[in-house]
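Below, each structure is written out as structure tokens.
Note that chain A is present in both complexes that follow, paired respectively with chain B and with chain C.
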Partner chain A sequence: MNAWKKHGAALCYTLPAALIIVAFFITSIAYTLYVSFTDYDGLDSPHWVGFENYARLFQDMTYITSLKNTLIWVVATLVFPVGLGLLFSVMLQRIKGQRLFKNIFYLPYAMSLTVVGVIWVLLFSRTGINFVLTQVGLDKLALDWLNTPPYNTYAMIVASIWQGTGTNMLLFLIGLGSLPKEPFEAAAIDGAGRARTFWNITLPLLNPITIVVLGMSLVNSFKIFDIIWVMTMGGPYRSSETLAVTMYRESFVIFHFGQGAAISIVLTVISIAVSWFYLRQTIVKEA
Partner chain B sequence: MKRIGLFALLTVLILSALTACGGNGKEQAPSSSAPGSAPAGSAAASPTGGGEQGTVQADFYYDNPAWTDYLKEINPITLKNSQTELKGVPYNEPTSFQTAIRVGFTTKEAADIFKWWNGYQMKELVDAGYLADMTNEWKEMVADGVDPAVASTLTFDGKTYGIPAGIHYWVMFYNKKIFDENNLQPPKTWDEFININETLKSKGITPIGTTSVDVWNGFIWFEEFMIRTHPDVYRKLVVGEAKYTDPEVVEAMKLWQSFYDKGYFDKPTDFQKESAPAFAKGQFAMYLMGSWYSDYFKGAGMEPGKDFGAFVLPSVTPEAGNVVISEVTPFLVSQNAKNKDNAVKALVALTKKEANEKMLSLYGGVPIRKDVESPDPIIHSLTSDISAGQYQTITRFWEATPSELSEYASSEFIRFMLNPDQLDRVLDNVQKKAEQYWAEHK
Partner chain C sequence: MRTFSNALLYGCMIVLAVLWLLPIALVLMNAAKSLEDFTQGNIWALPHSFSLFANMKEALHMGELGRGMLNSFGYSFLGAGISILLAAMAAFGVVILRLKGGFYWFLLIYSGTVFPFQMYLVPLFKGYQQFGIYDTFGGMLLFYVAISIPFCMFLLRNYMTTIPFEVVEAAQMDGFRSFGIFARIIFPLLLPPVSVLMLFQFTWIWNDLVFGLTLSRSESVRPVMAGLASMQGIFFRSGVTTLMAGIVLTSIPTIVLFFSLQRNFIKGMVLTVKS
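Take a look at the complex of A and B:
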């Protein structure tokens, strides 16, 4: 009774949100989990197939390629957009015209990934980067970028970096602007150089922002879909698919809902597990 | 406490991001409806739903928004002949369209009428019992002038479903200006075809354009080389009675490979944006595609019959005979449609002479009636040639073999197009997939 008096109001406030999450999120996950153990194709009744869909993920080269590409995307979009975002924010921190550069770098993020994809398809076409390479005598470097694995994945990562760096830079700039001045003054008095100040003062103080930026980049990299669908649709010959693209193709193009569900469960488990370990490690350190 | 708060906040952010990921696919269906169209779920099967008393409306689902204009032209005809008005439910692309149709079967909102694909894609709907049987109506339609031969691709176990709304042949388009300048004529034999390629090459003109932008583009030349060499093996291959590693298939693939070795093919272009303008500019002289691609050339400023023509490729050997790939687009009625009877009547009305003429004038293709001629000079000439040569029609690879295999094999054939030296690997991969599929679906 006391507990109800103490927490009753709070429960009433949270109940609608909790019910919505149970109705639309938890039940969807449970249904997806069930479908992943069946051969459901959307027409016939689903038949139980046990772990067959999961086993196939580690036997079929298409899925193995997809898994490899996902890991490449995760590593590349963690290292480059976050690293470059931090670099640009530090470079822009004290220069004149910061606002102009901030806007220029942030502009790609204001575009939808579909538009970014279309722009980069043109840039990677015969009349784009290849034309420039040919004009300057670098014909040998003029590849059919989007049709040549693994360069098609790298090319799309470049497009993604172009789009994603600006927002990370902005978050780091906000973080840098809110850092206390005293540690920097103390470091200056002690004669610390710029590099030492950056490693020993700036980076540790920026940690809360870095955790958020890396955490978001991590999850975003696992679910990457839009830009790949626009630029290559996972092709040619399924060479540039990531797990999210494979899940979509299996579910909605060839109607292997069971296989698609298994991929989505694996993707979710990997994302949550990686995020969990990352957050646990970093927050324990932070604490 | 602070630590727990930060941890909880980040967990919520990550879960939100994952939820957003799951929502991507589902968002496409509603957004793919063309502006001003009826929402996918709106059944309009009310007997008083039409503008005039006694008329009924039937929902018509399709994945080509341009057909909305077709409905405006065709509705007066269906109203006159069946008192039925078709209400369009357009989708912008096939993926969300197919999902909506399939999911619809399991609800009370199954599509009254919908566009589909023939062959295996239609067979799985027949096997699941989702299609309305129109065998009796076909007797009436044939008596009215519809060619009974066009029912064959829509007939399964003696029952016929739907109507063939569009029939197209897969042909070689050629640039007339380039052919005229080089004194070339459409070939009657394979040797003549090879001579055309050699002549063009010797003049510095790339003979043939290709495309590889979509997965399905991969089957175009595979099926062509197969039916020009061993059409019987092709027919067995698509139903799992032959192997992709059989000598006849390897022979066809080596012939395809030789075209790359000899430099007959241009680098692949995007068939939607690049191929037609490139063909119009003379970047290459020929292009193999369904006869519907004529519209793309028209869009690039070319006039059919004057600037470009089309021919059926000759067979490599006389034993292969006169064969041509056909693509049939059926309109079907759901067995559990709310408005099934009226939808069936509307489809019958679409086969009337006036309706077929209207369809041909708007979207081209081969007439489904004996008393109708195509207004398109290219289609007219092709149908005459095909009729005179007693060509046998062969179902397009995409529909002739189960979707899972056509998708995978086409994707692998694109691997071959980009890496012709990987012939053996491609055939091995496809055969492995085929063995797995047929073992599971015996």
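Take a look at the complex of A and C:
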């Protein structure tokens, strides 16, 4: 009796949060899974169509472009914001006035992706970077950035690099600050140069934090939406969509709920598979 | 040789810092110009006038950003506060009261962050219409509470496991009931992670775009970023100065939070990374 009472009390505390999660998210997942096998358009009742929505993803050029763009975003996010973050942190480590520089690079991260998108729309407009390019006589380089595929995707990646490098830099700085001193002293005594010290000592010691930074960037890069929605809305002619944007357009612009649901399932499967594979690899490596 | 490479390093850092600041400088410059000043020059020209406050006022009224900001303050404060409370209670049940199968309850609640948000958009949109909470303040708030719970639960559970159990036993000896232990003993101890979560969730909710677009439509409910995104379409051609002033306005809360509480952010990151 007493045990039950105790258990009941514990349940009273945990249940509200659990119920909200089930009501909002667990049921949503089940519903999305179901809708992805139907032709639901929000008006007529849904008909079962099997894997039709999924098959279309790998036939229609629109979706293949979207898949390709997602891949470009993922690779670029893993290379640039992470690589630059590491580079900045290493450079900053040996500099006076580190705080000032740190804050400058971190500043864009304190703004929302929506705001960042609006700023870079201005920069990539006729009056932005192109104005400077024409002034210095480089007219040929002055493209209509956001309307010319594939440059529109690259342009938006630049905006996201500007925003995201700061956090990675901060995480690397925390990592660098907590490294042991002895290996570096030993390397200095052995007369190892800066480059060799970096490759052979700093990077391996930094591995745990690198894994975290890469993992976080990876997971986020699959879901990129805000910047694209603000800067191009996935256009022109759906040339700069990623899976997240395609999903939104299918569902809420042209009301192909079934197709949109199938895309979100594919997105989920890809991102969970990749994170799982990545986690397993790193765990095996660590062990 | 050494000084040369140091000078080179400084040079590189300064060039990079200028590049990084340039977009923000452009926003400030153009937010300060009067429309006349702006149309005579270009976005790179220095302002000859100062109408930052006039532009901000216009953004608040004409762009309806004022209402959006007010809504988002409500969503962010209340959403973060309520979700922290609910998550703290859930973690209390699992960790301190040792709920049977507690780990599975934790996994259930935490699972909310595992899936990409795209999974939730259509069902929530449909569900909200069905239950009549689409495009309502309460509906938006409820969603922000729900989406914040998993991460709060994650951090608070981890933090609670570090609280020595003797603290709880001592309180039981003193005759505290479970609610007394929660409210008087445990919750005050949670201050460090709670302050971190308050920051994280406030900024997350403030910056959210996609759920604001999906679950609301009218100006009186719309959160700030959804408002800004729609303002962009209208103002980009005719009112760049107003748009830039809008950017300044909507960024002030998060920038102030980030830099005044930078230490907490770093602490929060370390906390998250460690777990």
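Of note:
Just so it is clear, the second predicted complex is superposed on the first by the 263 of 287 C-alpha atoms of A that agree within 3 Å, B and C clash if a C-alpha of one lies under 4 Å from a C-alpha of the other, contacts with A are read in each partner's own complex, and residues count from 1 in each chain.
Note that a residue touches a chain if its C-beta (ideal position, glycine included) is under 8 Å from a C-beta of that chain, and two chains touch if they have at least 3 such contacts.
What you see is a predicted model, and the numbers here were worked out from it, not measured in a lab.
Between chain B and chain C, it is C that contacts the larger number of residues in chain A. Applying the stated contact rule after C-alpha superposition, one finds that A:R238 touches chain B and leaves chain C untouched.
After overlaying the two complexes on the shared chain, residue contacts for A:T134 are found with neither chain B nor chain C. In the superposition on chain A, A:F225 makes contact with both chain B and chain C. Once the two complexes are laid over each other on the shared chain, residue contacts for A:I104 go to chain C alone; chain B is not touched. Touch criterion met: A:I119 reaches chain C, while chain B stays clear of it. Once the two complexes are overlaid on the shared chain, A:S264 sits against chain B and chain C alike. In the superposed model, A:F25 makes contact with both chain B and chain C.
In the superposed model, A:D144 lies in contact with chain B only, and not with chain C.
Within the superposed three-chain model, A:H256 lies in touch with chain B and out of touch with chain C [touch as defined at top].
Applying the stated touch rule to the two superposed structures, the overlap between the chain B and chain C interfaces on chain A comprises residues 25, 28, 42, 212, 222-223, 225-226, 244, 248, 251-252, 264, 268, 271-272.
Interface residues of chain A facing chain C in the complex, by the touch rule stated above, are 6-7, 9-18, 20-29, 31-32, 35, 42, 88, 91-92, 94-95, 101, 103-115, 118-123, 127-128, 131-132, 162, 167, 170-171, 174, 209, 212, 222-223, 225-226, 229-230, 243-244, 247-248, 251-252, 257, 260-261, 263-265, 267-268, 271-272. Touching chain A in their complex are the following residues of chain C: 6, 9-10, 12-13, 16-17, 20-21, 23-24, 26-27, 30, 42-44, 86-87, 89-90, 92-94, 97-100, 102, 105, 108-109, 111-112, 114-127, 143, 145-147, 149-150, 153, 178, 182, 206-207, 209-210, 213-214, 225, 228-229, 232, 236, 240, 243-244, 247, 250-251, 254-255, 257-259, 266, 269-270, 273.
On the chain B side of its complex with chain A, the touching residues are 2-3, 6-7, 10-11, 13-14, 17-22, 24-25, 95-96, 98-99, 102-103, 105-106, 124-125, 128, 130, 212, 214-215, 267-268, 403-404, 407, 411-412, 414-415, 418. Within the complex formed with chain B, the residues of chain A that make contact are 25, 28, 41-44, 144, 147-148, 208, 211-212, 215-216, 219-220, 222-223, 225-226, 233, 235-238, 244, 248, 251-256, 264, 268, 271-272, 275, 279, 283, 286-287.
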